[in-house]
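What follows is a pair of complexes built around chain A, which joins chain B in one and chain C in the other.
Take a look at the complex of A and B:
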């Protein structure tokens, strides 16, 4: 994983369309609040999707679809299943951004 | 008597119903009808022995031709026995513990119950059954209720209702004094009979409860909240808890 993050960091300079880390966090929080009626202050990076935010597996699929629509990235099912916290979602977007927008 | 009856059922009638003529649907309907009759008998016996006393309120709603999407709170091990005793045909969602037991798993698969599925798969399977005109019974708490109150509801039932376009038909179940509840050993029987009250409540219409144009994940949240409130109200009307 650190490999991909490193290469992402290296690419970030070139790929001007890519979003910065804090922008991605803002976007992800925004999507979560809007899609699932959540309070913004509850959606902190350490918040756990299932336990703290009460998302279920159907919500996870809806979240992925919404993120795909907004970022133009392609989220795979197995990546979805490894997301536990809001920060994980941000990390996945950053990672995919590095891989897919070159 | 219970043991012998159950054994008789298991070794003779189930295979007969399963192996008899007909396609899978016919066989499953036959096995489900057998389970229905067996559960009726079970309840009748338990009442005769003074172990339980059962009061149904609004059970006539379940006699209307289906499909029904029945959702209930889950206070005892025999809630499903009560519910199925009033439904000649009903598909259930069976947990892993059941499905992995050889006999129960076999019976569940013969009955066409939904096993080994989670999340979206359960929703897909239930929607398919309802569209085929079959009734489905669900316990949205996912496990038996805590002593006082209910667990949070999972939202699968709401998703199913929204997608299949059928109303949720809630049943508020109470049992006083408590018996066969979660964490209570089955032999810990109260002195008097367990008095069951099963109140079939007004259906919760899926689409009209939620404004149209609301995305499914939000609609399911709101519908689930409405459903849970409806069942809580039903329990309070019963006067118990």
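Take a look at the complex of A and C:
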């Protein structure tokens, strides 16, 4: 039970410190799998959001909204439109983390 | 001389607190089984008096629709989807290419978008003043035409899509919009209906106007349309859907015809946003009879809107009496299934057509002693009544003074 509560708290809580690259990748993959019913093994860094994961413009904004809730960052910027792969998403979070004090 | 096209019903069904499809709903209407329950979680809403609602208890079979079809659908759209899919199946049109090639149009309404998503969207902008964390799908679930938009996507409909969101006439105006599209020759077939999702924001509107029932300890005994002891309406949820077709089109594809929509009228009181107006109600019934070319004496059953509010039932009974006198049997289905708001026009049209086909009339549940302030009508009470019905009328009235009236004719081959 406490595991569930802890992970729920972590999921909802905003990051108080910068996340490491591997932690960000883990979170991005977790969000993608949960929000879009994807299999974890399909969500690799090189996976293309549209062609491989069948995500569209509505999904991109939903993904940003979910990541905002989890990281405390504000992602809705034009660079969202340049995200093509899972790695691009991770890079955007890393980049914003450096710019925005959370 | 061109003759007016004829509009027939080839598919129809619904889901409400009484069940999904005609079998359980028929059983409930005949046996006096109520769909009203207490809603304990409404106790946490400060100032809300009613704790009563008519909730759909069947699980909605939606997982198979897939993520992209489901992501913009709140419960109101899911209820509509269930009814619409069953209606298309009833019309033997599921999987037919004419659903998606522009032949079929759509008219569907609900009081509003899905309330939980409305609240989520409003909270983000109205309270937090931020786009942070806002899901675009919340807007798609909350927007006024969410039901029509989602159904069109679900069935890949390429004909006209008309949202008819006028509160308690959403469903009946959808039927009317479908009739008019067919009469104008714009679509040979229309999928029409209405839906509603149970939520306290809808109950609260009526509650604040002191129009809800607060018999919170006796859910099965309320609402009580036309009854002297009625104390208001009970909101409910559900969806009704019908497939309408031009007669020649239906015959050419060998469709099973369930009834004919002979007359349709909609009008406005033009007086008050919420107060019922007997003159406006009377006028819409007369307009529908004129549209049908049927005399008042030919109507064998009137399915009343009658939500069990103090003033609404009195006004409606007076209007009905002014048009018909005391002759035709009259009943309201709200005692069984509550007031399903955006769904009621479609649900009541479906049930009226089904009862007409089977030759009986449902009683008004909980109508034990007719209010002396209500006009003297032939109120059907206590038990279902065997009744040959050649023509029936179904009436609905909404906030805004919006009135609708539909006239149905029983179908027999050779007509």
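Note that the second predicted complex is superposed on the first by the 84 of 102 C-alpha atoms of A that agree within 3 Å, B and C clash if a C-alpha of one lies under 4 Å from a C-alpha of the other, contacts with A are read in each partner's own complex, and residues count from 1 in each chain.
Definition applied: a residue touches a chain if its C-beta (ideal position, glycine included) is under 8 Å from a C-beta of that chain, and two chains touch if they have at least 3 such contacts.
Predicted model only: the values in this text are computed from it and were never measured.
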### Message
Just checking: does A:36 make contact with chain B only, chain C only, both, or neither of them? Give me first, second, both or neither.
### Response
both
### Touching partner for A:51 - first (chain B), second (chain C), both, neither
neither
### Message
Taking the superposition on A as described, I'd like to know which of chain B and chain C A:61 touches: first, second, both or neither.
### Response
both
### Query
Which partner does A:23 contact after superposing on A: first (chain B), second (chain C), both, neither?
neither
### Task
Could you say whether A:69 touches chain B, chain C, both of them, or neither, answering first, second, both or neither?
second
### Task
Could you pull out which residues of chain A sit against chain B in one structure and against chain C in the other?
36-37, 54, 56, 58, 61-62
## Note on the structure
Seen from chain C, its contact residues with chain A in the complex are 67-68, 71-72, 131-137, 140
### Query
For chain B, which residues are in contact with chain A within the complex?
118-120, 123, 152, 154-156, 159, 215-218, 220-221
### Task
Mind listing the chain A positions that touch chain B in their complex?
35-37, 54, 56-59, 61-62
### Query
Across the complex, what residues on chain A touch chain C?
36-37, 54, 56, 58, 61-62, 65-66, 68-69, 74, 76
